[in-house]
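Common to both upcoming complexes is chain A, partnered first by chain B, then by chain C.
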Partner chain A sequence: MRQTMPVRLGAAEDTLIAQLKSVGADATAERITVAGLPTRRVESYHYTDLKTLLRTIPPLAQAANEASAPALRVPGAYQLMIANGVIQAASTAPAGVIVGKAHGGVLTTRDDVLVHLNGAFAKESLTLTLENSIDPVIQIDRRSEGEAAHVTDSLKVFVADGASAVILETFSGSDAAHVGNHATYIALGKGATVTHITVDLSPRAAAHFASNEYHVGEGAKLRTLAIHAGAGLSRTQLFPRYEGAGAHGDITGLNLVSDGQHADFTMDALHAVPQTTSQPLFKSIARGRGKAVVQGKLVVARDAQKTDAKLMSQGLMLSDEAEILSKPELEIYADDVVCGHGSTCGKLDEESMFYLTSRGIPKEEAETMLVRGFIEELVDPIEDEALAEALHGIIDGWLLGGK
Partner chain B sequence: MADDYADIPTLKENIDRATVDSVRSLDVDKYKYGFETDIESDMAPKGLSEDTVRFISKKKNEPQWMLDWRLEAYRRFLTMTEPTWAKVHYPQIDLQDMYYYAAPKSSPAPKSLDEVDPALIAMYDKLGVPLKEREILAGVERPKVAVDAVMDSVSVVTTFREELSKVGIIFCSISEAIREYPELVQKYLASVVPVSDNYYATLNSAVFTDGSFVYIPKGVRCPMELSTYFRINEKKTGQFERTLIIAEADSYVSYLEGCTAPMRDEAQLHAAVVELVALDNAEIKYSTVQNWYPGDKDGKGGIYNFVTKRGDCRGANSKISWTQVETGSAITWKYPSCILRGDGSRGEFYSIAISNGYQQVDSGTKMLHLGKNTSSRIIAKGIAAGFSDNTYRGQVSAHAKAKNARNFTQCDSLLIGDKCGAHTVPYIESRNGTAVFEHEATTSKISDDQMFYCQQRGLSEEDAVALIVNGFVRDVLQHLPMEFMVETQKLIAISLEGSVG
Partner chain C sequence: MTTPILEIRNLHARIEEREILKGVNLTIPAGQVHAIMGRNGSGKSTLSYVLAGKEDYEVTEGEILLNGENILDMDPAERAVAGIFLAFQYPIEIPGVATMTFLKAAINAQRKARGEGELSTPDFMRAVKEAGTQLNIDSDMLKRPLNVGFSGGEKKRAEILQMALLKPALCVLDETDSGLDIDALQVVSKGVNALRDANRSMLVITHYQRLLNHIVPDVVHVFSDGRIVESGDKDLALQLEAKGYADFDGALA
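On to the complex of A and B.
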């Protein structure tokens, strides 16, 4: 009686299907054939309709011949580079860091098209085992070089019990319409402490997709900061799982969008066992016709009593045409919990602006001061001074960059 | 004829008896409206088809334009698929295995209450709905409430019509309105909820049977509360009612809606559409106490409540306020919304949603800011107990032209027991820089301290829970009309019966 419409496939989907078949990923190809790329009807892509936003897929990346200038240098950092999905030779690793390679992708399978695609296209992944606390910042410099390319890469990090580390990932490359699909898997042992920072500095023409999966063990502390400050279309998916009592996560993100950009944080966090805590905090600043999206979901499993989780999403609009879309979700199956979320959205506080301008500070400078104040909460907890300074540099670059 | 009513108790006796009944019902069964009334019915042939649509239209003596409108909706419906985004699970509903029209069989439409089947009046009395136009009872002056009573597919009686018509207010069943005020119906019907808005709304457009029609003329403040009482009585019957309320410029109306159904093993479908239109400076206050049969303790039976309610603040500075108390239904899928089109218009949504047993609630609101200086306020309180799932799903959006749009949202969930789930899914969409949105949500349980405090002062565990929950929902309760407030407090206690210990 009822007619069901077959999914109409676009050029991007056709290319993806051909590419998937060329690497023998028939199951994923079939999936795209049947369902197409996700539209707004797929809840987790409600505000990032890939079918409309992703019109073309460049050819699969080949090994890079040249490299562009590094987008971010942190003095004293230990650097590793993956260019066009190929792991580059590295300098001697600091004591306690074991660098290796593994076949295939790193993410746990889930019902998500980006995760499926990464798994299908990832040839090799970089693995790091951190046996003890590592002093220097570990920087993974991920590049998309040469002509526009569909780049897939992945990283897996094991952090031993009681160890601590700061891991920085940067995404950059040549000025071309790349599509990057990046995956990171980090497992924290008992009592481990990890700060994980990802900064997208891809060219404006590129589309940047990253999926970060975290396994936080007993008593482990995780802090993350993801910054979108590059690609025209960016989406970072965050999948933290709190798997041992006392596990804690400060998952944070910063969307910096200008005219015509679209940036999306989508978090799906699982509090799997009792007595875990998290405080996700996302901030979005939009100007021009920029569009910022934050979707955050806190899931508390049936037995995960005494969970304490508070999700916050704050948006700041610097223009009348900007859009900030947020969907903070709670899915709670245990009763003895304290969970909440908050979401606010508005423009700069007029009273504060008045306070500053009435004291002789020019309007633009006053704006910059207030925006810095708004962001400070995210960068402040990062202890490594050189790294914090580098991040401030990126934020200031965006703030002072053209409207 | 009048003597026939001698046996019908007065309202006071009714209240006394209701108290005794509700106390007694705690032991036996918590759902006190679960009785079935044996009234002869006139039914449509089973199943959904173009013929069913024609049958309904014919039964209602509808003009040709209405039939065409229905058939158009039916054809649209055939191309649509059921929505699956809500967090509710239920077996496939067989639309061919139910009746779309059931009417209490009575000789030509009753002209006055005296001609109405006494069994019907007795039934409504049992439900606590006064069909007789009583003004003063037991020496207490009670505010007048005009009632439109809808049983299964038809409106059986509408009270206080004459008094209302003196000030130009039209309050009648929608079937009558289609016949008598076609120009108003044609102008406003489906102007808020378009025919093909969603799967259930389209089904409703094709097969809706009755409901209320309210028209408040310019500058009139409705002198009494208007109320509709819905009751599903027949087996295997779907109820598809349609309500349309129009408030002309500078008018005001407060409207109450209540619903119950007998206890049955099989699930029954209720798919209603409610449309509100508020013109310049008009205000509509719409309150619902939804107490459909929620199914038994194992989750068998109950009403599937798939409702589309939407208000259109069409005029400048108009205001629409939704207040709902959701305690019944096996599945609730309901999002009373406000389209804030007029500059300076205001939308409000106050909700209490309680789920127990195996109930599933996915309810919330939409506040769509289109005009300048529009504001909205959402306060939603969800309480989940037993094995139930309770989801708040709400959308707040500001269009690019909605300068200075303002929203405040607070949704709190309370979990009682560790087998239930409470979820919050807000969609906050700000599409212009001058909009200011604030949203806050919390989930918690009743603290041991609160329970200890109440219990050591002599309250039983259940009384303590009821007291604390009533405190939890107070922000919403105070927005209910007086008549509903007391009933609601009682209802909350009964709904949560058996959820502790």
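On to the complex of A and C.
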């Protein structure tokens, strides 16, 4: 007989349970009551022990009265804003973009506390239907404003067959200890091409959680780039599903962590049908006592023959105290596939440093060049020049800003 | 007598516990090209790295004077600004950094350190185009990441392009002929010869006489066991080619 031990609940869990009950999410409240927040004993949270890292939960967000300055402006972008979970009135949408709202959250249920919490707290979701190829970058500006708040928001995007779009999501807000739980669901129709970029620019005091679910249809091409460059604690969960032959995903992520920060990418990808491909690539740069985590899981379904998937994680340590943790997982049920994973981690190459400095480039500048070079592979495929420039600006801001 | 561009006095250097340079003395007056020949492992490349300031080597004794100024306390970037340029035997590949971006950073870093203004983009482009034409370097090559996927010849031509743009007082060419076919060797040598100047000196390190038919030296030195054991005019190189290095081993012992 299995003995059940009551879980000792902390202040964060008590607050969460009360908040869940206040919105009528009794089932989720019950889950937290029984299991608590995940600890290192839960495999998918092994390196990001929420029970230890998340000590307090601020009050549920109220509609915002004021807004901080936009964290990122991309010239020519079509902007939509969600502030403290409330969808703001938008300017006229470009042709082919239908903007709407839906009740509740968007993520498919799975055994994950962040997904459960988002579903419980999301009152409404912003929905976008892209009927054809959209030229301007579509920016979803997600804000957590005012006093420290527990903010939940949600976005669902349908991309029509053959359409293409670049979707940028930025997360920012007032300088307070917000806890943000964000969801994005993107469905790509046949032959659709989508670039999805998420950039966390939350204040250092905040905790940033995002769960991105992708449904990639037949012949569709998905490229993602998630950048952690803000919150003290951040975790972006990526759930791509390749659901039609010829579906392809370049799932990429960049952890930029400084002293005291903890950033985590956790991917759980499913190759559901035959002949789909993916090339997930995660890069982490850590300095001070920063800690970066990359967990990548590739699941190949039983009949998903001819799957070709390669997972790569590369880490660059800029200090002796920095930590970069990388865990690949392959779960393959088909027998005719090419799947692999690789991981590298190291400091800046001394030979490269000598080469650059021997040309008169000072040490600090040479380091910056090499770090930029390390990252370039992620930004280079982004074709929109204004967007690529904005992303370079964020990366440079991190590189040149303090240790 | 005018100050020589390079003066090395009794230079000793080691890597970890192993002494590699064992008392090098070498003076190169302005405008001269000196060649150092020696077999593999004699310490020739170490000399080039020590001149450029590579950290792995520890100088235990002696001095290196560039235009009369001791450079041993300078880091590699400061030495470059002072006028040393090392053309690498194996140029390093730097992924993600476009060659053009790198060239501009290097030129402007040196100008800034000398208190000169940054080169404007049109002036920079003009300088690169001018220097590149002579070396058969087109703009496509310069858009690629630095040395990444360059052929052996492209790498060496890119080194000489950097040399032409940075206008150093002392060029140190480490085995510039390695990995080059005859055609590439001619292009590279032509590029080097175009940089010969009354105010510039060169130290050409090689173990084949072949290169010295193209870049004709004023003085040839034979390097063995961490020091110069013989010096002479360009005929010394021919002599070496004919007889090998054995005659010079232990010449100073």
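Going forward, the second predicted complex is superposed on the first by the 399 of 403 C-alpha atoms of A that agree within 3 Å, B and C clash if a C-alpha of one lies under 4 Å from a C-alpha of the other, contacts with A are read in each partner's own complex, and residues count from 1 in each chain.
Heads up, the rule we're going with is that a residue touches a chain if its C-beta (ideal position, glycine included) is under 8 Å from a C-beta of that chain, and two chains touch if they have at least 3 such contacts.
Here the structure is a predicted model, which is why all the values come from computation and not from measurement.
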Which superposed partner A:C345 touches (first chain B, second chain C, both, neither): first
Which superposed partner A:K363 touches (first chain B, second chain C, both, neither): second
Partner chain(s) touched by A:I324 [first = chain B, second = chain C, both, neither]: first
Larger contact residue set on chain A - chain B or chain C: B
Which of chain B and chain C A:A334 touches, first, second, both or neither: first
Partner chain(s) touched by A:D153 [first = chain B, second = chain C, both, neither]: neither
Touched partner set for A:Y355, first chain B, second chain C, both or neither: second
Doubly contacted chain A residues - partners chain C and chain B: none
Chain C residues touching chain A - in the complex, by the definition given at the top: 52-55, 75-77, 79-81, 85-86, 88, 91-92, 94-97, 101-102, 105-106, 109-110, 113, 145, 162, 166
In the complex, chain A residues that touch chain B: 1-4, 41, 43, 46-47, 302, 305, 315, 317-347
Complex interface listing, chain B residues touching chain A: 78-81, 85, 400, 413, 415-445
Residues on chain A engaged by chain C in the complex (per definition of touch): 349-352, 354-363, 365-366, 369-370, 372-377, 380
